[in-house]
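This report refers to the structure that appears directly beneath it.
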Amino acid sequence: MMENIQATLNERASVTPNRTIKMKTEKVTVHYGQKQALNGIDLEVYERQVTALIGPSGCGKSTYLRCLNRMNDTIDAAKVAGTILLDGENIYDPDLDVVELRARVGMVFQKPNPFPKSIWENVAYGPKIHGLAKTKDELEEIVHTSLKKAGLYNEVKDRLDEPGTGLSGGQQQRLCIARAIAVSPEVILMDEPCSALDPIATATVEELIDELKQNYTIVIVTHSMQQAARVSQQTAMFHLGDLAEVGDTEMMFSNPSDKRTQDYIMGRFG
Amino acid sequence: MSTFTIIAIVLLIGAIGATLGFRRGSALRAEGGRKPHSRPVYHASYVFTWGVIPALLVLSVWLIASPILNELNVRGDFPEGAVAEANLTDDLAYGIVESIGSGLRALPESERETVTAETPIAEAVPLFRQYGVPVASASADWMIPLAIERNAFQDISRWAMTLVVIALAAIGTFHGYRGIRTRLRARNKVESVVNSMLVIASSIAILTTVGIVISLVSESADFFARVDPWTFFFGTVWEPRFAAAGSGGAEGQFGLIPLLAGTLYIGFVAMLVAVPIGLFAAIYMAEYASNRVRSVAKPLLEVLAGIPTIVYGFFALVTVGPFFRDLSAQISGLLTGDYSAFIQAQSVLTAGFVMGIMLIPFVSSLSDDIITSVPGSLRDGSLGLGATRSETIKKVVLPAALPGIVSALLLTASRAIGETMIVVLAAGVAANLTINPFEAMTTITVKIVQQLTGDLEFTSPQTLVAFALGITLFVITLCLNVYALYIVRKYKEQYE
Amino acid sequence: MTDTTATGAEGRTHSSTNRRDIGIKKRYAAERRFKAYGIFAIVLGVTFLCILLWSVVSKGYTAFFQTEIQVPITFSEEILGTPQDAAENETKLLMANYPQLARDGLIRLLGIDPEDRQAVTAANGLISQGVRTELRDIVMSDLSAIGTTQEVWLYASSQLDSALKGQYDLNVPENRRPISDLQLRYIEELEAKGAIAQNFNWGLFTSGASSRAETAGVGVAIIGSAYMMLIVLALALPIGVAASIYLEEFAPKNRFTDLIEVNINNLAAVPSIVFGILGLAVFINWFGLPRSAALVGGLVLTLMTLPTIIIATRAALRAVPPSIRWAALGLGASRTQTVFQHVLPLAAPGILTGTIIGLAQALGETAPLLLIGMVAFVADYPDTPLDPATALPVQIYMWANEAERAFQERTSGAIMILLGFLALMNLTAIFLRRRFERRW
């Protein structure tokens, strides 16, 4: 197990040295009713890097991810406190609108959730609601580029008007990524994007993530350590609502400082 | 012996058998040796079943068959030509014989003997009337012997039935009791009887539908034998004259079109009111409302569904209708100076509007179910892209829920078409063919009620037309319902 | 926003996209409008409900009070005959001129000259024609009353009743209202004497149909409805539960059970009037059951209520977790035992709730009852379910067609009674659900 991860790390290009902070959270706590789900998380997310959030199930990593574009707003019982900064700006600031925020911080969900519309409609949906394309051609352009960026274009170019729900699981998930890209967000949040996929589809999506980090800041929740090791530059380990450890992925897997991280990496729980 | 007494005796025999069966079962258990298959309570039920069920089955068959046999027998004895001579049909003649028969039964013992087969009818009828049994004037002398014969048949049949049924109960009980032994699988036997009763109970739903179809089809076939289906389905004039039965020719016209138009028009107005209100209410409750608002608003709207339609009808009649009429008078007064109402108190608008109010909760609760069953992941997907709530609802949730909502609307439309009491009180009875919603129109259901209340003659087209209207109504709503239920099923499967 | 500190040089490239115009203002305006439509729709629905209830209650609450006039009645032997005569010849006593007793009493009370025809007619118009039965009942129950003078509360006529309840506009010219100036003066006199009062209208709950509003009541209709509800309960509950048990617990998945399913769902949506046609054709025309009988009404309503009960019962059975069944089966219970001894008791509250709601539906149903002849003038209580009877909603329907103002009031009153019963049933259902609801 350890050898596997080590091997993966060694294969990878070294971490870019100069990094800009894209998002920053200070003392973020979340309550679901009486229950506290996150206890004061401080974390920095760097621009054009992949940050992986790992940890055993129920540790709060998805909850944390949903804070970053305020998806927790949709859950009545959830109460978020603390500061979350995007480019130094508090995302809970009344001046910053949630719709605007989500246009900048996109999200890909655990289960592929294409809309029951055509592939083309799925991708065009975001640009349409935000009015990003002035003309039909521009919209066409956005759809095609997004599908290309998501590595799906060649597979679906002949059947753009077929329903998105008819694609295979991996294709659906890439469609969802294309849909997110089409809005040209700055940050893409991914909530266990491969957990519903088979290994081959997973590999394709992982490659895609690796490519996407050229242009986007990515935060990915995963419960597969290998995946974290394969795709991320920074890893944050969550445990029971606490941030147990955070650091360069390479460092983390080779030399975890926290006991809980050690246990997790050794496969003691999770 | 009255039927109730017979049933009571059968049950009593069964109960005695059950007690004995229980004892026997317990005794088997006490004897030791091999343990009996079933517990004593099943032995008791086993004996009871044997005693009661065959007896009651025979009883019910007998009760149904005996009057039929009696009628056949009496009809066979009708003197040749006498029925035609009195200008009667066989049915009517038998009806008179029946009433003479019950007249005879109403007489006290002493006077009954004075009426014999030779008594002229003119003497007997006043006697019957004195004891509260009227007999039709078309009665004839030859009917009295037949009535006596009928009564005798009835008496014999009842005695025989009493004997046979009670004997059967006793034999059955005895047989059941004799059958009890250690290895008897009483429980399984009782359970299979229970099981078949369950099957019978669930076939009642089918029997009901069959009953509806047969009654509608047979009576409307009778109607279509008298009135050309073409003139019924495509006739534009509804004017059934209430001519005397059997006087062919002056039967009036039975055009369905004005009624169908009224039905659809009123239903359309109702949907115009109910759909936007119900749909928006459902959307608000499913997507926006907090739990507290929902827990208050939903039951309040559902109260509307619990109010009987007759109350809506009255509301339309005394409140909404006059309100529209006065309102229109005011409006026309303001515009032209002439205070004459252009909306009639009974109008398409009134009936449709009130029906719309009634339908709001149907639309809202059906759509609410449908909207909430759209998976949350789709909402998340849209919100995660930065769509507002209303954009998410309009562009993702509603399109996804569309089939379900369509079927909800179809079910609502079917209810609007079949609604009766509101239109009876608020739509009027004049079969107009108009496009002015301020005038009165009438509906299929109103005409069914109108043709089937009052004196009925199952031989005149004026009565029978109601069945033709009924079958039209049934077919229309059946299609809407079945199609709607089919869509819902498909829709539910999609998200399960 | 692009100048914030945390962003470095590279951040700026992205920041140019931050500014892109995504039409926030317009979109939020649309959002607010959309939300407002929703709120408006709900408010509109609730407003309709309030108007409906208010319209019924405001018109109907007065029906629970009935104006009565206290008149000294002399049960004169001249009119009734001596007690001995009366004992011998009941018919004479039955046919005696009771209205005259009332008239004489009233003109004495008002001090009117018996020769003044106009005044006598006006005074007579104040009391109900229903006094005939009212006074007759007094005499028939106690022959010794003959020859005495008693103070009796008599029903006022519906015109007087309506006038006192403010239902007539008394400012219009005399010939355009149903109550004359002279009568108004008499009313004032009676009021001054304290001989006129609005008492609680028990008659509304006990009387039967009547062509005079003041003596009409829903008592007979309530009994008719009660008979039908009993029949529905006795038939629909066992049949419905049995059918649901079969479909939910035993039925194999095949064509036949599929057909039953579709059937039940469809029957639940068949217009109620079609059930009326079924009742008329099958129960009355073929089986020869009597028209207007509560039995036929009960059978028709049973068939209508069955789908409701079956759907509710199946939901209740389905809500019992399979683990309960496995537990019982695992101990060696047969399937029948499992269902009847474990599943059914656990589902009972749900079944009961569904049944009550089904009964409430049946109680308010009118259309099918019209077709089986329950639109009948029934003044006497039915003794058996085979006697002519009427039902509460049908009574309402018949009164709604009466033009008289006093009947409109009674119609609303009857509706209040009906809604009262329905509210009671539904509240019971809600209470049962709250009290016994089990969460697995």
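Quick notes on this one:
Lettered A, B and C in written order, each chain numbered from 1.
The rule is short, and it goes like this: contacts are C-beta pairs under 8 Å (C-beta built on N, C-alpha and C of every residue); 3 or more make two chains touch, one makes a residue touch a chain.
For clarity, every value in this text was computed on a predicted model and none was experimentally measured.
Between chain B and chain C, the least number of touching-chain steps is 1. The greatest centre-to-centre distance from chain B, using averaged C-alpha positions, is reached by A. The mean-CA centres of chain B and chain C are about 20 angstrom from one another, to the nearest whole unit.
Between the CA-based centres of chain A and chain C the separation comes to 61 Å, rounded to the whole angstrom. The residues of chain A that reach two or more other chains are 99-100, 103-104, 129-130, listed in rising order. Shared interface positions of chain B, i.e. residues touching 2 or more other chains, are given as 386, 388, 391. The residues of chain C that reach two or more other chains are 22, 27-28, listed in rising order.
Contact residues of chain B toward chain A in the complex are 290-291, 375, 377-388, 391, 395-396, 399-400. Across the complex, chain B is touched by residues 22, 27-28, 30-31, 34-35, 37-42, 44-46, 48-49, 51-52, 55-56, 59, 238-240, 242-247, 250-251, 259-260, 262-267, 269-278, 280-282, 285-286, 303, 306-307, 310, 334-336, 360, 363-367, 370-371, 373, 375, 393, 396-397, 400-401, 408, 411-412, 415, 418-419, 422, 426 of chain C.
Within the complex, the chain A residues that touch chain C are 20-22, 24, 47-48, 85, 87-89, 97, 99-100, 103-104, 129-132, 184, 186. Across the complex, chain B is touched by residues 69, 71, 74, 76, 99-104, 106-109, 111, 113-117, 125-126, 129-130, 176, 179-180, 183, 189 of chain A. Across the complex, chain B meets chain C through its residues 187-188, 191, 194-195, 197-199, 201-206, 208-209, 211-212, 215-216, 218-219, 276-281, 283-285, 288, 297, 300-301, 303-304, 306-315, 317-319, 357, 360-361, 364, 386, 388-391, 393-394, 411, 414-415, 417-421, 424-425, 445, 448-449, 452-453, 456, 458, 466-467, 470, 473-474, 477-478, 481-482, 485.
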